[in-house]
Amino acid sequence: MSLALDLALCGLILCVALGAVVGRGVFRSVIFFITYGLLLAIGWARLGAKDVALAEAAIGAGLTGVLLLTAHGRLRRMSVERAPRVGPNPMAATTGIAVALALGWAWFALPAPTAPDLAAALPLTGMGNPVTGVLLHFRAWDTLLESIVLLAALLGVWMLARDVDWHAPLGLRYHARPGGVLASFGRLLPPIGLSFGSYLVWAGADGTGGAFQGGTVLAAVVLVAMMAGVLPPPRVAQGGLRAALVVGPGVFLLSGLLAVALGMGFLTLPPAVAKPATLIIEVALTVSIAVTLAVLVIGPPDDKEPVR
Amino acid sequence: MVTDLATYALTGLGLVFFWAGTIGLIRFPDTFSRLHALTKADNLGLGFIALGLAFQADGWATLAMLALIWMLALLAAGTVAQLVARAALSPPEEDEE
Amino acid sequence: MTALVIVLALPLAGALAVIALPVRAAVPVALSATALTALSALVLAASVWQGGPVTLMVGGWQPPLGIALQADGLAAALIVMSALVVGAVAMAAWFEMAAARAGPRAAFGFWPLMLLLWGALNAVYVSRDLFNLYVGLELLSLAAVALVAISGTAQALVAALRYMIFALAGSLLYLAGVVLVYAGHGTLDIGLLSARSPAPGDALALGLMTAGLLAKTALFPFHVWLPPAHASAPAPASALLSALVPKASFLILIRLWFEAMPELASTAALLMLAGLGAIAVIWGGVLALVQSRLKLIVAYSTVAQLGYMFLVFPLAGGDGSAQPWAAGAWTGAMFQALSHGLAKAAMFLVAGICIAAVGSDRLGDLRGLARALPMTGFAFALAAITLMGLPPSGGFTAKYLLMTSAFAAGQWPWALVLAGGGLLAAAYLYRPLAALFTRDARLPVHPVARAWQGVPLALAALAVLLGLLSAAPFDLLQIGRPEPAVEGL
Amino acid sequence: MTLWLHILVLGLLASLAGALWRVWHGPAQSDRMMAAQLVGTGGVAVLSVLAALQDWDLLVVALALAVLAALAAVGFVKAQTPDSAGDPEETPPPTGGDRRSRAVRATAHGD
Amino acid sequence: MSLTVFAMTGASLVGLGIYGLLALPQLLRRIISFNLIGSGLFLFLGAAGARGEAVDAVPQALIITGIVVALAASALAVGLVVALARRSGLVVLPDEANPR
């Protein structure tokens, strides 16, 4: 029975992926991609990977979806040229099938699983959730670089602004009918989302959640508030915005350097202070992730759409 | 067990509402009636399923979560239905390439 | 060890500081972070020179749980070369921005992107963990794409998008290999992998990772993105992109084929890699010959010069690794990476000076420029000597080592490639040289500060010096080499 | 109970498949968007049932989906407004905003 | 057995994504294809990590990192696409086969 469930779920996942690739029309493709993220989150839940399911739900179904939908709406208005209609492409199909078959073969050829033993080391980190332990302790260098990757992408997006718009607020000039449904929703959601996101960060030490999961939920809430015209988007020059962007990686990096100054290794958190220190780093990271992701999706400062 | 019976009945009812919504979504002839069918049905569906699952809950926290989930889904669905309906009214709806 | 931490952390910390602080603080913060990091790079190289490879277990966790970082001789040499190039680029960018009155956007973005790019490079040079390398490569690619797009022209956006597509495809292919490695062995550490028991998926994993890294290194036939991308960026950014960025993915290839999975290096695969390199040398040279803009000539020359490095695979990899000529070939390829980095950065900085002086980099507009700016002309000529492989430059040492190994190994076709590539380089560099040094000046020349002109000159001189003083870098490169051969030059 | 919950999930997935049929067929963009919205609500339901089946912790994931349920649709209605940044409620509905007038408009604009 | 189903799904998603990447010129659809490839790989890795008696937490952490990195890359790519369309009206890369 359980297998039937997984088969049905995977079948649906493949169907929506197929719809996203072969369906005619970009809009259809984007909508299929959003449902794909949703179904994939369910798939991760089936695999018992709760933290991944959270991240996929928030990012795959939420942020990437809104990013693509917004971009599609703007492209439709801006582009003079339409994408040429393409027929089936045998070359591409052969390549895709070959890679899929190779991966499938590799699965059956895989040797018995060998996983590093976390059980002995995890208590030293003070974390009950092994995923958080891996992210913030064992592979802290990855996580630090990852938070900086977000910043690099944001700088890249900002570099796409026009010079005349540089001092304008980020994103488009969002507005909504005062007292309308959209504005009310933008007022109602943030308190709930803020408490839920904070709960995820706090719970992440021992249960499901963590800085990235909480940060993405917060980012989505901030995004809704901005698009509903409730929260005015900041400007690039605003000190508060830029401080929020760097506080997470900054605190993380400085804690790593502090450990070096105290004669321990880079990014070492001694077991005695591991838990509180991790919490501080996580809170700072959450703030940065939430703000970075939200303004990343909002886009560069853009005073008005060009008329073509 | 009475609680199990309640779960069977309520979740079953929820499933029926989901199906009703889906059938409406497939069968109704135009955008607005489809929208109508959908929001009513799937929120009742989710409500009954959450209620049915509540009888299996392992504590107050779980109950609160289930209630919160349903309320949030209601809020989202109501907002979305209203906004999408208005969006479908005003601009030219071309189905692009 | 502290020097290693500073080399890794300071560029990133500098970038964060530049973003957080008011705009007027950007240049002083960026320049001081650059200077301090460059200093620690030298200290790190000195300690590797004296004490052998410097290893760091991040967070104190040993692999397979944690991530190991290690600066061996090769990593230290690349870190020092990058520090020199970034230092020069920072100076040149400072002059150029002051001269050109850059818009607020570029003035804000360039510094943190440069520092992030540098931090990513250093992270990739020393990382021993395949997934950490993936994250490092992504940081590198995103910063590089942003630098290409910074000028904002439609042409630059097209180039940046094409670059982005190749970089993302390369990342995903690499990631596919990493996934298979972890699924098969439960570890991502290069050291642990070299001692692994072989699994059936290993060859597939290595193939996927290699294909992805080739796309990122712009080896033929994946080179199409490189010339427009490198030519569209502002000159100092082009210098970073061309001199440094492809070296990171090349280094990972070396780590995979020589350290993690050397036993999988079949002769056919090695020959194919070198064959693609040989085609790149010739084809890149031919395309460079027909360009009419200085930056495009220099960019196509990068395609050709990167090709030389791939000759290392059949000469020093697989069965060849135990042969007496392996050390020479391996060191030759690394010398090529180092000297090309210095010379190519010098050339792009020269192109930046030319654009500042006459407002264009078309060869016709550059005629006679060396009379007005003799230092710049001289810098270009010195860098050209290295790229052509003429003695006594670093490029000569590199090609000499590769050529003697090719003869010793009996693989003489590579020697033909080396000779042909040198002739092509002479041909495609002759055109800009002739234009620069001709007598009749075409356009009025804006004055360019001598200090600015001195920057590429210093880099080009270093590229030549690398050949004159090749013994020290030769020894440094041997430190921590998987199979250090006793044979010297 | 376990068996019933499995069946319940399968039934919900079947209902989602129906919604996906509408995503494929459209025809209007709003149809596709609303069908995706149904997939979202159904996904919340599936995750809640899975939580009862496997691990109550999964309710956190369901809650996250519920919080973000409207995000995509808000992005969609924004993109539909003339400046990509407005609110469909700002413009008054076309006079006699009923289906027929809309149908006329749709034919006028062509496809 | 269920794990095999998920792994095969992951492999097929990678294949589908590669098809989309090679066959579809519209840039937003290429970005979607990239995301399909990435998530397919993650699904494969997640299934592989769940094979042992205890679920391995390391792949989960890697996947979360990977998802965030993929979002960052997608955001920059989408930004580039919008900027290009605004500047030149293009939604595909010009002169696919042979630039200049």
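The chains carry the letters A, B, C, D and E, assigned in the order they are written, with residues numbered from 1 in each.
Note that a residue touches a chain if its C-beta (ideal position, glycine included) is under 8 Å from a C-beta of that chain, and two chains touch if they have at least 3 such contacts.
None of the values given here were measured: they were computed from a predicted structure.
Q: Could you tell me which chains are in contact with chain A and with chain B alike?
A: Intersection of chain A and chain B contact lists gives D.
Q: Hopping along touching chains only, can you work out the least number of steps from chain C to chain D?
A: When the steps are counted carefully, the minimum from chain C to chain D is 2.
Q: Across the interfaces A-D and C-E, which one involves more C-beta pairs in contact?
A: Top pair by contacting C-beta pairs is A-D.
Q: What's the farthest chain from chain D if centres are computed as the mean of the Cα atoms?
A: Chain C.
Q: Give the label of the chain whose average Cα location is farthest from that of chain E.
A: For chain E, the chain whose C-alpha mean is farthest off is B.
Q: Please work out the Cα centroid separation of chain D and chain E, and write it as a whole number of Å.
A: 23
Q: Centre to centre, by mean C-alpha position, how many angstrom separate chain A and chain C?
A: About 31 Å, centre to centre.
Q: Roughly how far is chain B from chain D, centre to centre by C-alpha average, rounded to an integer in Å?
A: 10
Q: For chain E, give me the residues that contact two or more of the other chains.
A: Residues 14, 21, 42, 44, 48-49, 56, 58, 62, 65, 69, 72-73, 76, 80-81, 83, 90.
Q: Which residues does chain A have that touch at least 2 chains other than itself?
A: 2, 26-27, 46, 48, 63, 72, 74, 82-83, 99, 103, 107, 110, 113, 115-116, 118, 138-139, 142, 146, 149, 152-153, 156, 160, 181-182, 185, 189, 192, 213
Q: Please output the residue numbers of chain C that touch at least 2 other chains, ranges allowed.
A: In chain C, 131, 135, 138, 142, 145-146, 149, 152, 157, 176, 183, 186 touch at least two other chains.
Q: Please list, in label order, each pair of chains that touches.
A: Result of the pairwise touch check is A-B, A-C, A-D, A-E, B-D, C-E.
Q: State the interface residues of chain A toward chain C in the complex, per the touch definition above.
A: For chain A paired with chain C, touching residues are 99, 102-103, 105-107, 109-111, 113-118, 121, 137-142, 145-146, 148-149, 151-153, 155-156, 158-163, 166-167, 236-237, 239, 242-243, 245-246, 249-250, 253-254, 256-257, 260, 264-269.
Q: Chain C touches which residues of chain E in the complex?
A: Listed in rising order, the residues of chain E that touch chain C are 14, 21, 27, 30, 34, 37-38, 41-42, 44-45, 48-49, 56, 58-59, 62, 65-66, 69, 72-73, 76-77, 80-81, 83-84, 87-88, 90, 93-94, 98-100.
Q: So in the complex, which bits of chain C are touching chain A?
A: Contacts found on chain C: 2, 5, 8-9, 12-13, 15-17, 19-20, 22-23, 56-61, 64-67, 69, 103-106, 108-109, 112-113, 116, 119-120, 123, 129, 131-132, 135-136, 138-139, 142-143, 145-146, 149-150, 152, 157, 176, 180, 183-187, 197, 199-201, 204-205.
Q: Can you name the residues of chain E that touch chain A in the complex?
A: Listed in rising order, the residues are 1-26, 28-29, 31-33, 35-36, 39, 42-44, 46-52, 54-58, 60-65, 67-69, 71-76, 78-83, 85-86, 89-92.
Q: Flag every residue of chain D that touches chain B in the complex, lowest number first.
A: 1, 4-5, 8, 11-12, 14-16, 18-19, 21-22, 26-31, 33-35, 37-38, 40-42, 44-45, 48-49, 51-52, 56, 59-60, 62-63, 66-67, 69-70, 73-74, 76-77, 80-82, 87-89, 91, 93-94, 97, 99, 102, 105-106, 109-111
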